[in-house]
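Each of the two complexes below includes subunit A, the first together with subunit B, the second together with subunit C.
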Partner chain A sequence: MSLLTISNLTKRYRRGGKTIAAVDDVSFHIDPGETLALAGPSGSGKSTIARLVLRLIESDAGRIEFEGNDFLALGGAALRARRARLQMVFQDPLAAFNPRATVARMLDDPLRIHGIASRAERPRRIAALLERVGLTTDLAPRAIHEISGGQRQRVAIARAIATKPSLIVLDEAVSALDVSVRGQILELLLDLQRQEQIAYLFISHDLGVVRAIAHRVVLLEAGQLAESGDAHAVIDAPQSAIGKALVAAAPRLNRTRP
Partner chain B sequence: MTALASLRDLTVTYRRDGNEVAALRRINLDIVAGERLAIIGESGSGKSTLALAIAGLLPRSARIEGRIDWFLPSSGAKSPPSVLPDISPSRGEIGSSTAGSPIASSAIGETRNEGAISPLEGEMSGRTEGGAKDRQPSTIARDYKPLGGRDIGFVFQDPSASLDPVMAVGKQIAEVARTHLGLTWPQAYAKAKSLLERVRLPDPDSALQSFPHQLSGGQKQRVAIAAAIAASPKLLIADEATSALDTIVQAEIVALIRRLVAEDGMTLLFISHDIALAAELAERIAVFRHGELLELGTTAQIVGAPTQAYTRTLLDAHIGLDAAPLLSRAGLNA
Partner chain C sequence: MSPVRRFLSTPEAVAGTILLTALIAMALSASLLFPGDPQAIAGPALLPPFQDWSLPLGTDRLGRDVLAELFHGARTSLAVGLAAAAAALAVGSVVGTLAGFAGGLVDEVLMRITDAFQTVPSFLLALAFVSVVGPSLGIVVIAIALGTWTGPARVARAEVLSIRERDYVASARAIGMHPLAIAFREVLPNALPPVLAMSSVIVAAAILTEAALSFLGLGDPNRVTWGGMIAEGRAVLRTAPFLSIVPGIALVLTVLGVYLAGEGIVETTAVRRGLS
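Entry: the complex of A and B
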């Protein structure tokens, strides 16, 4: 059974008297432990889909089924409880987090709010989370703004896995990192997926990264699904116009010109 | 090979929380006139500091040691061939020259504390003469220095920060042409329109009247490029100018920069964290790490036979469309 099933999802915005469909009748599913990538140019609707799935914004039409439940019908306490299973990591953790909060505080919040660990137990759980993402426990008292970008994204991942989610939405989560750090974060994500069977909705404009990490890919253009399938098959031989344009535009080391 | 600018023992130190942080350490580098040179590095490598130092846009709180010698052809005159000036061993000097002959250098080694300006404020050097000029070391006579906007065009990463949000883009470009080319406003607006055509902005007539927020990210970067080249600078510096754009728009902007540089015979300094992107555009690549120039060579040398392990690491970290998958694809039938 699918972990997440999106059916005919639609989100419209009104701009200057005109209605624009940011997401237009999009359907796809994600299996448990699978990485599905959403790729497309700016304005193709990939981040809007992420926000719809997280219910940070509400859709105009369509269904979202998550772990066998009608996710859009949930509200109040039931939605909050279900949200523990559906986590997120954004591009810039410095913008997503209170920069003056400590690393320990960032990890304490989900454990406390979702009632995962008692007050006495939490410091031990925080230490275990830090070690799980490859950080040392002496980072716990440091402020978010004091640590490096790579460390910050590891903290964001630790916070996401604190509630034992079955799905993490990764919205350009490695796009702002230095290339040497990016590889390490991708390895960490793959390791977590293998160990904990976490599924990822991996949003990126970088087809090289998508091809390296995703099982399947959905290509979007102007809010609509342009093409989907096995990540290698789609990227190695794209059929849609946008797929061909994205592949042609990707920088290649072996295409050096005179 | 004629040098446009020659950096000798260039060292830049920032003061932060009472500590001195060396952002660049003893950089020796010749920028060849007419070349496309890429500066590659990760966060903290000093690549943006180098761009700001060359453009004379460093904050006043930065301490600059070493020399930058310029060989700007004065109007009409050609630069004499390649003899580099005798480099005086004295440190703490920046010299400049016109028409190839080194002219008096001025000591600027002392720290200037008054009115620190963050380099992150992202002012577009092309737009106002004053903004760039105020940052020039006061001890340097203006005649000897390349002037931001006129001699050097600068394109920053975030065009939303470098364009004035409440001024029509036509005026922002025309202002550069008026300031540096001595045009009247009607002439400057005509120039702005032709520049918008050159950067292939759709419907240049209405674009002249539009405000930055009405344009897409790629269109804004085209406007920023139009303003940067308005006064026909000798050197165009693009500092992560495509990093905030999606892949397709990035490729379009890179193609635009390549075309404009070729058409105008400009020298290009292309600052990027993306070695593959740099390799597609540049003839030479300089690899920076922790404020030091690690390796400099032709693109073929750097990509094909790097001498430094770190360069190899950067090349290996590139995840291209032909990279081996990180994912073990067995075991999950998607």
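Entry: the complex of A and C
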């Protein structure tokens, strides 16, 4: 059974009198422990889908089924509790953290909110999380702006895995990082997936990265699903016009893994 | 350069700090230097200043020590000014944060209430409130806060409207944080700087409003206030003008000091934010 099933998802925005569909009748699913990439040109609706899946915005039509339940039927405390299973990592790790927070507080929040560890136990859990994402524990008391971009994205991943989710949505999570750091973060994500069976909804415009990390890919164009299938198959031989255009525009689609 | 040194590098800030320090020293030392009731008779009535060195600023119509009254008045001015401003800032930030963060109906209702308060001149509001409820220190504080919380509320709301779209708010929602915790732990602290930048103007206005209320006889009757002293002196303005002039100067210097120091702080933090 699939972990996340999205059926006929639609989100419209009204802009200057006319309505545009940012996401238009999109359906796909993600299996446990699988990486599904969402690719497409700018404005094709990738981030909107991410926000819909996380219930940060509400859809106009369609269904989202997560871990066998109707995810859109949840509200209030039930929704907040369920959020432990479904996490997100944002593109800009600086914008995604409260500018006043410390590393420790950012990791303390999920542990506290979901009652995962007692107050006394939390510092130890925070240290374990930092180590799990390849950071040293002396980073804990630092302010978020006092660590590097790569370290920050590792903290974001630590925060996302703190509640032991079954799915993490990564919206351009490696796009802001420079190449060497990007490789390390992708390696960390693959390692986490191998060990903890976490599924990823991996949003990226970089088909090279998609080919390296994703099992399957969904290509979007103007809010609609243009093509989907096995990541290597789609990228090596795209069928849709947008798929061909994206592959042609990709700088160097070599077959190296990160 | 450390923030303190940068703060003290502007002449306005230095002047403001000196004035404020003097005011605070006066307020704190009032009961040490002038123990006992400042409203008790201390000597002959209407003694001019600089005649008798045990009563350096002379006495008023009833023979009360003007210097003692001035010191105790500093205490009232400062206490009322700070308390009213703190209340206005606290209420304003909370209302503004709730309105901006909740949006929809909550926003609509809270902003209509804010409008309603803002259309009534704040001094009239304070006047009406004290007349109805009766003068006491706490009531005066509430009366002043009643007319001043709307400014901070609007500024806080505007700031919150931009902050609530930030990724870190989405991130807090995504980890399942309660909306009230998001509003008050994630959003409010980051919306505070522009709100706090208004505090010097609000404190200065509150001190003036308190003086005006006291001048009209609506201050706490059990406390010496500068406004009350000016009103007292008015009856003998021709023969003993110093009775109104002395507390008047104290009032002007205080408001000036608060304002200048506040400007200095705003400037220092603006520079720091600009540099980083």
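One rule holds for everything that comes next: the second predicted complex is superposed on the first by the 252 of 258 C-alpha atoms of A that agree within 3 Å, B and C clash if a C-alpha of one lies under 4 Å from a C-alpha of the other, contacts with A are read in each partner's own complex, and residues count from 1 in each chain.
Rule of thumb we're sticking to: contacts are C-beta pairs under 8 Å (C-beta built on N, C-alpha and C of every residue); 3 or more make two chains touch, one makes a residue touch a chain.
On a predicted model such as this, the values are computed, not experimentally measured, just so you know.
Overlay on subunit A: subunit B and subunit C fit together in the combined arrangement.
The partner of subunit A that touches more of its residues, comparing subunit B with subunit C, is B. When the shared chain is aligned, no partner comes close enough to touch A:Ala233: not subunit B, not subunit C. When the two structures are aligned on the shared chain, A:Ala78 is found in touch with neither subunit B nor subunit C.
Looking at the shared chain after the overlay, A:Val247 reaches subunit B, while subunit C stays out of its contact range. Once chain A of one complex is fitted onto chain A of the other, the partner contacts of A:Ala212 are limited to subunit B, with no touch recorded for subunit C. In the superposition on chain A, contact of A:Arg159 is made with subunit C only, not with subunit B. Superposing both complexes on chain A places the Cα centres of subunit B and subunit C at an angle of 80° as seen from the Cα centre of subunit A, in steps of 10.
Taking every C-alpha of subunit B against every C-alpha of subunit C after the fit on chain A, the minimum distance is 8 Å. Common to the subunit B and subunit C interfaces on subunit A is no residue. Taken in their complex, subunit A has these residues touching subunit C: 51, 54, 56, 79-81, 83-84, 86-88, 90, 92, 95-100, 109-110, 113-114, 159, 163. Subunit B contributes residues 42-43, 216-217, 245-252, 273-277, 279-280, 299-300, 303, 313-315, 317-327, 329, 332, 334 to its touches with subunit A in the complex. In the complex of the two chains, the subunit C residues touching subunit A come out as 166-168, 170-178, 186, 189-190. On the side of subunit A, the complex with subunit B involves touching residues 31, 33-35, 41-43, 149, 178-180, 182-183, 186-187, 190, 205-209, 211-216, 230, 232, 235-236, 245-257.
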